[in-house]
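Some structures are shown below for you to check.
Across the two complexes that follow, chain A remains constant while its partner is chain B and subsequently chain C.
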Partner chain A sequence: MEFDFSPVITYFPTLIKGIGATLLIGLVVAIMSIIGGQIVAVITLYTKKTVNWPLRFFIWLFMTTPLLLQLYFLYFGMGQWILIPAIVVGVLGLGFHYMAYNADIFIATIKSVSSGQYEASRSLGFGHLATLFYIIIPQAFYRAIPQLGNNMIIMVKDISVLSAIGIAELVYLSQYAISVTFRPFEFYITIAVIYYLINVLMETGQAWVERRAAIRR
Partner chain B sequence: MTQATDTSMVELQGVKKRFGDLEVLKGIDLRVDRGKIISIIGPSGSGKSTLLRSINNLEAIDDGRILLDGVQVNRPDLKGLAFERHINHIRQNMGMVFQHFNLFPHLSTLENVTLAPRKLKGMDAKSARELGMELLERVGLADKAAVYPSSLSGGQKQRVAIARALAMRPKVMLFDEATSALDPELVEEVNQVMKSLAEEHMTMLIVTHEMAFARDVSDWAMFMDGGVVVEENTPDDLFTQPDQERTRNFLRKHLASQA
Partner chain C sequence: MDINLMIDITPLLVKAAWVTIDISARALFFGFFIASALVAMRTSRIPPVRWLARAYISVVRGTPYFVQLLLVFYGGPAIGLRLDPFTCGVVVGAFNIGAYMSEAIRGAIESVDSGQHEASRSLGFGRFATLQHIVLPQAAGLMIRSIGVLAIILVKNSSLVSIISVVELTYQAQRLIGSTYKPLEVFSVSALMYIVIIYAVMGIVEFLYRRATRYTYL
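Let's turn to the complex of A and B:
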């Protein structure tokens, strides 16, 4: 069998669009899941069980069921009554999914900040909430960076699952190109390399951020 | 509401504290006059750290009264947010220095010092910076303003912690075994800073294991054991001719272990 990569070159602008969509979705989901995860962690740790119970249940749901099932449920299941645009379902589904995982990390890193930090802040005259905001959460964030980075690297690969509900990200658009050119092998190799490069870039970025954060721990 | 006189800065009246079944403070009376320095010594578990932490309400007392400059610190009548507002305000007048420094590792040395005046007193960035540099200068660390605590030695960290506490212009400084976690060769630089505060007549309560330093710097010394003040006197008398057998035993053991 001989390889022919010329269709890949022809359809490269399409793949570029896919890369753009994947990266954009990744950015939005990263921001949403990191900020949301932080909020969920704080609510879980610092409010009464009766208050945070519904939230924990919600998080538990997202952590114990497959992402694909969640997307099908939100898009096709809920779609019987209300049609939410696929991109909204995709971003929210992926966002909540990783929000749950990030919240887990933040819960652990918030707990790992010593009580001495809390006491030092309170002894200066900061209140409980100000102490969380200025002292505890920033430190927990710096400590969470290595694991957050790992989660976000996994998340970017999971964006491909959104192709199942018709979102035109990288995998979806390559499927389209394959259906026209009948060159699956060449396209799959190409997008595998693209994912690899995205990963390498993210890992480099993560290492850089980690180095910067290390002096603040 | 207060019996405190003009000269009293910190006053404790019948302060009791228990952890579960264990009574760690069994009715402590104490008075620190403005500009005076009191050292509290005693074996570990004697309640001396708990006493100091109670003054700042880091430990909530179960009975008695604590007054700072005539204002009651513990307020059993205030609950929830009302008490939090009250205690936040009170704490701005007290500087606390901890055994393990507790510098904020995510902030630079200068930011550690300026955070509280900026956020709590609304000081603008420029004035806060000037204040911070002035305080770092005075603890001898102006050249470390931009670095993060992780690159400081223990003695440097504690000096920054003292500068951080001073930044709120406190009426009293509380030192909770400020040099106990330091390597012996780093103790002196922290003691020097504390001495310079003493020379400026800062009111101080010092919980310490450094007998020589306590004797040197304080106006009054207390020996605590088992949640009570066993004996108190001028430092010269307490350290050289203690009245109580428990005090003598403690000092003998302590001097033997330091020899």
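Let's turn to the complex of A and C:
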């Protein structure tokens, strides 16, 4: 068993492309899941239970079934009714999955904002919606940041699962390179290292954001 | 919704669900020992042993489970490690969850007030006796809860083993979607099975938690 990392170097431009795709997907999913999660959380908390039960059902469903099963359902299943490209399915699937997790966090943090804040704001003349947007949600958002960061770090790792439905991200492109060079060990080690570096960067970023948020909380 | 089809595919999916349970339970079992070893290493008096455990935990938590699985299954033969898919799933699952679980166990142990440890030592208990009779009983409740969360993650992660062709729930569901062209029905039944498994885990965890905290008053 001798290791030969020269194919990895030859295919490094491909891997770079994969890193770019992974980061881009990560960014889109992060924005989508945070904004979507916030909206879902506000709707579930401030509408009647008889109205928002489908929303609560989907949060529950996304949280109790594995991501891969959801992706298979969306990709192979939805293809029967409408034809959507794999990349859209992947981003939407991952986005909805983490939207549910983020909504769960936002629900908890919105509830944790003291009800005195709401009452004080209303008695100062803010309307219901203005109170939500200017008083409650900002406070809840700052409280949610540590857990949001954790979720996003887990999410970036889960992007690798998208290769199962044929999205050309890091793992998928390396599988292509492996099928040409027959060097799985070297490539997967490289990918593990790349993911580890991304993870370290994200953890550093998370610590920085948390420090900044702590000032403004 | 085709109810007859749903009834027809249920036996197949139940069989596959057992594989999911089997693989997760084994990974949890072995993962617990790996986690205990890691906790012991992290509290070791020899610095390199501590660094090794910390590096291991950091690397495992910093890379995707999916990549770890692919690395061991497809890359393993290059370093003389040939595992059949099921064993590979159990081994990678155990080593993966072990790293997370060691953090959970350490967190639970550290949550016990250090005065308890000091009082016990000054009353003449040894290090191990202190851990066994004083610290662990108090840490057990928190430990069981956090291990329960990890067990649920483990069940959901076991779906990734379908990539290395273990016939478990997700693999079977994908195959059935391909052969019946009825995605909604297959998804409903297989999702229901995951939900049943997860709620069963939650029930067991709650039972153990109540047993473990019988005598603790908080």
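Observations
The working rule: the second predicted complex is superposed on the first by the 217 of 217 C-alpha atoms of A that agree within 3 Å, B and C clash if a C-alpha of one lies under 4 Å from a C-alpha of the other, contacts with A are read in each partner's own complex, and residues count from 1 in each chain.
Criterion: contacts are C-beta pairs under 8 Å (C-beta built on N, C-alpha and C of every residue); 3 or more make two chains touch, one makes a residue touch a chain.
Since this is a predicted model, take the numbers as computed values, not measurements.
In the superposed model, A:Y176 lies in contact with neither chain B nor chain C. Legend: residue contacts after superposition of the two complexes on their common chain; A:K157 is shown touching chain C, with no touch to chain B. In the overlay built on the shared chain, the residue A:Y46 is in contact with neither chain B nor chain C. In the superposition on chain A, contact of A:F58 is made with neither chain B nor chain C. When the two structures are aligned on the shared chain, A:A120 is found in touch with chain B, with no touch to chain C. Applying the stated contact rule after C-alpha superposition, one finds that A:P184 touches chain C and leaves chain B untouched. When the two complexes are overlaid on their common chain A, residue A:F5 makes contact with neither chain B nor chain C. By the touch criterion defined above, A:I135 reaches chain B but does not reach chain C.
Applying the stated contact rule after C-alpha superposition, one finds that A:Y196 touches chain C and leaves chain B untouched. Judged by the number of chain A residues each one touches, C leads among chain B and chain C. Per the touch definition, chain A reaches chain C in the complex via residues 1, 3, 61, 64-69, 72-73, 76-78, 80, 157-161, 163-164, 171, 178, 183-189, 191-192, 195-196, 199-200.
Listed in rising order, the residues of chain C touching chain A in the complex are 59, 61-68, 70-71, 74-76, 78-80, 155-160, 162-163, 169-170, 173-174, 177-178, 181, 183-184, 187, 190-191, 194-195, 198.
By the touch rule above, chain A contacts chain B in their complex via residues 114, 116-117, 119-128, 130, 134-135, 138-139, 142, 215-217.
Across the complex, chain B meets chain A through its residues 56, 58, 84-85, 88-89, 91-92, 94, 96, 98, 100, 102-107, 115-116, 119-120, 148, 150-151, 161, 164-165, 168.
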